[in-house]
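A, B, C and D label the chains in the order they appear, each numbered from 1.
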Amino acid sequence: MTQTSFDVERIRKDFPVLSRELPGGRPLVYLDSGNSSQKPTQVIETMREHLALHYSNVGRAMHALGAESTEAYESARDKIAAFVGAPSRDEVVFTKNASEALNLVAYSFGNPANTDDRFRLGPGDEIVISEMEHHSNIVPWQLLAQRTGATLRWFGVTDEGRLDLSGLDDLVTERTKIISIAHQSNVLGTVNPVADVLARARQAGALVMLDASQSVPHHPVDVAALGVDFVAFTGHKMVGPSGIGVLWGRGELLEAMPPFLGGGEMIEAVWMDRSTYAPIPHKFEAGTPPIVEAIGLGAAVDYLSGVGMAAVEAHERELAAYGLDALRELPGLRLIGPDSLEMRGGTLAFTLDGIHPHDVGQILDDAFGVAVRVGHHCARPLHLRFGIPATTRASFYLYNTTGEIDALVRGLHHVQKVFA
Amino acid sequence: MIGESMYQELILEHYKHPQGRGLREPYDAEVHHVNPTCGDEITLRVRVGEAGKIEDVSYDGQGCSISQAAASVLHELTTGSTVRETLSVVDEFTRLMQGRGQVEPDEDVLGDAVAFAGVAKFPARVKCALLSWMAYKDAVVRSAAQ
Amino acid sequence: MTQTSFDVERIRKDFPVLSRELPGGRPLVYLDSGNSSQKPTQVIETMREHLALHYSNVGRAMHALGAESTEAYESARDKIAAFVGAPSRDEVVFTKNASEALNLVAYSFGNPANTDDRFRLGPGDEIVISEMEHHSNIVPWQLLAQRTGATLRWFGVTDEGRLDLSGLDDLVTERTKIISIAHQSNVLGTVNPVADVLARARQAGALVMLDASQSVPHHPVDVAALGVDFVAFTGHKMVGPSGIGVLWGRGELLEAMPPFLGGGEMIEAVWMDRSTYAPIPHKFEAGTPPIVEAIGLGAAVDYLSGVGMAAVEAHERELAAYGLDALRELPGLRLIGPDSLEMRGGTLAFTLDGIHPHDVGQILDDAFGVAVRVGHHCARPLHLRFGIPATTRASFYLYNTTGEIDALVRGLHHVQKVFA
Amino acid sequence: MIGESMYQELILEHYKHPQGRGLREPYDAEVHHVNPTCGDEITLRVRVGEAGKIEDVSYDGQGCSISQAAASVLHELTTGSTVRETLSVVDEFTRLMQGRGQVEPDEDVLGDAVAFAGVAKFPARVKCALLSWMAYKDAVVRSAAQ
């Protein structure tokens, strides 16, 4: 534990928005990083400087600015590959967000132009997801099932908010072509037991994709150690800019997959009637990529590595412990998700008896500048599972403090008073 | 508490003491509307009398304070007016709600409904405010079709 | 003509990179805006300020920052809709680049889940493009033809570099479902006669898409006046950031199309086994969008509107006239594209006898800091048509000067000396 | 002209006066490689003698000065060495070219080929420089297979 070296006040100074005052003189208490994180000066300035002095298109340009931009863009790929332990930098594909990464893999299946058996998909074949997924890891697979006639199946969720593995062997069978589940739930905070699912997938011959949108920002993640086939994550949740996401995939699979988006940069040679494609990763990066955004994400992983991901994780664990304790004292509060620190991150979702989450969130913001997320957090099926339309969610990141959790609790007391 | 607050006293007042809540007879049309993104629901009935006069708007539903208060304000503003008058209020309210906080509301037309101006800045809440109003419009159209 | 009010020196001051010195003390002469344009301080600062003080996720967030971000993001949509004369702001879909916009439309066809006859596509149906297209307007349609068994056909290009309309009536028939062509060629500079193609398309009942990546940055464009069905363009070529593109489509068509990428934000309601979708434009914006990039593009169109697109066009016309004259004086130079100013923009592609374009471009850069693009400019079939592997391309924008064209010509003389 | 220049005198020298250009007999293997992105082409032959000694590398092709000069330098560096020695030069050259300008070249191994270091910063040109070298590697492998 790097407990002692972690200085949250120093970190907060790197994030300009945290010193901002909201209209009406409210301070900002930002507890919505699970939705999107704030950005440190290091990331903002890297982007500004690139836009101001080094920008041009990448890859194709053969002049000084082109070389500078390409070097910065491809270095960002190196950094991100190193950050998640990718065996090869060529396995890191830049997308616009995690959703595109998930769709890219989904569109690889059942494509009539595909020739690799692992990506054939049709009636009788099955896709497995879970009830705790973000819509971005549900809808692409529903659309795939619709296009191909394959069947979509899913893991249930236990009352405690864990992946229900009791039917694992019935759910994952030789009919399963792909399993795609969250590494960490964006509502429950649950970290899923990847190894158990993976072991069964390997027996059944299925591929495994992880939606790591909520894990890569918060824990050290090593894709090689995880042993899965695909991992998706997104820049804006890890102190990086919007407009950039990442698909990591095993090189051999990425090479076997048909192209997804067609266009400049993803080709080798084009004739009017046919084309050959560039090697990975460029095969999946059609058109001008999010250049400055990738460079910003490179600066973001530099920043996170500088702090140390183990330290980030330890700090959030403290916050989660403090937050769980604090919330327990509120009357009528029901936590949705694991009540212990075991295999969970710093995301606390809950309901308050008799008060609609929309009202909770809005009063917290209105009266105290406390920013939480309310609603179904793009995980409506999970909320249906718990029989509730919505929850209030506080999610923590490296720049949050226990004082901010105190402000949340004060706010919740106030909310209860307003609606008493 | 502050100028921008969405929770004007008036909204809370209507939420805690809803006007005209409950489903009543007689009625000319009944509709049921749902906001699938947040689960808010409303059942709403209208009774139209002579010369297109709205004699009653009765309703029941569940949801956040904004959606509940909006139904209560709707009841107050419509009952006793003519269909034509109320539809222009609905239009102005819709314009305000969809204006992303950029529209200057016409207080003469909107009356108490001006209190919802702050909602317009939160696209996710706009649907809450509009739920009952859209249901009302729908119900009026159906009653006319009968 | 706003000739008199157009002050290129004042404009140049807005673009920080233009005052930069390249390594070795070279000045920068940036003649590669057709590849990607430079960014004015107004755009860079808008992005920086948003990232530093107003950032959060859009749409879904119900707190002060969420409202600020959503307001800024949706205002950008308003600005862009106004900039291209879109009848409704809801017809403006944000993508990551023009390539995604083109692929989005291509993926709408022949989707087994589609129910609208206009987007049915299979064997016997035809797609029409042209020989002068950018790869991003070729490969998506090749991939579509491969997936569906439809036939890809294309307009030829005349020796002068014009769209060959001589076979129009044979090419576009009742079998044609969609025609997708460039509004302006990124190599030849040719502006295509949209009305002629559109008239025939309407007779035949085909849809028409324009790749306006090279026209929207350089001329006043009014999508309603053009009368086509879809228009794609890209932020980075119009003084906006990377990572953002635009699809404009007629609302009624966008509504009829099946969804493309699935995920958060593009849904209305999700159950495990089915979903309903958000109204346009959000139906096509899955996941967290390029928020800051859209806002930056909003600032870019503010900037361009401030200068005035008619003035931009007039300035570039002057540059094109000056450039055409200047290049004519170089021995052994062959212009690829129209030799007159009629229906052409400020993009000059050429070959130099006996010297490979790669060498031309690199020496121009090395010795004079003149940045041009060399190669096939993502339009390899067009180069095959002219029997050459590559060209050198100088492309002008609002910040270029006749002095820079002089530098180019001096550089070309030097190149000829080096390889003499 | 300047430090960063890709056009080292040496490269221009090789381009204008290519060493060993032309296809010759006898040879053990011939290959034809194309760079589809820019249309550069090369046909290359190798002749391997006793004890794995490269007796001749002959070639013909078309393309930019970088690809042509690279073939000429290749000819110089390989002819007279053993297959094993040349393959380690190829490896080092490849490493330099793919290093995006971040790799410190080993001059002892590369000799004149160090002049290409500036090319590594331009990904689009790296393939030009590597075309003949990849062709050579291919040809050597094929000659061994015979």
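To be clear about the criterion, contacts are C-beta pairs under 8 Å (C-beta built on N, C-alpha and C of every residue); 3 or more make two chains touch, one makes a residue touch a chain.
Here the structure is a predicted model, which is why all the values come from computation and not from measurement.
In terms of the distance between Cα centroids, subunit C is separated most widely from B.
Separating the CA-averaged centres of subunit C and subunit D is a span of 38 Å. With centres defined as mean CA coordinates, subunit B is found 38 Å away from subunit A. Subunit D has its Cα centroid 77 Å from the Cα centroid of subunit B. One finds 45 Å separating the Cα centroids of subunit A and subunit D.
Among the residues of subunit A, those in touch with two or more other chains are 23, 26, 60-62, 64, 66, 269, 358, 362, 375. Annotation for subunit D: residues touching 2 or more other chains are 4, 37, 122, 124-125.
Contact topology of the protein chains: irregular, matching none of line, ring, star or complete. Applying the touch criterion to all chain pairs gives A-B, A-C, A-D, B-C, C-D. For subunit C in complex with subunit B, the touching residues are 59-62, 64, 66-67, 70-71, 74-75, 268-269, 276. Within the complex formed with subunit A, the subunit B residues making contact are 1-7, 12, 37-40, 63-66, 122, 124-125, 128.
Interface residues of subunit B, counted against subunit C in their complex, comprise 4, 36-37, 100-101, 121-125.
Subunit C makes touch with subunit A in their complex at residues 16-17, 20, 22-23, 26, 28, 30, 32, 35-36, 38-39, 41, 43-44, 47-48, 51-57, 60-66, 96-100, 102-103, 106, 111-113, 131, 134-143, 146-148, 152, 154, 234, 236, 241-245, 259, 261-267, 269-275, 286-293, 358, 361-362, 364-365, 369-375, 377-378, 380-381, 384.
For subunit C in complex with subunit D, the residues that touch the partner chain are 23-26, 356-359, 362-363, 366-367, 375-376, 389-390, 418-419.
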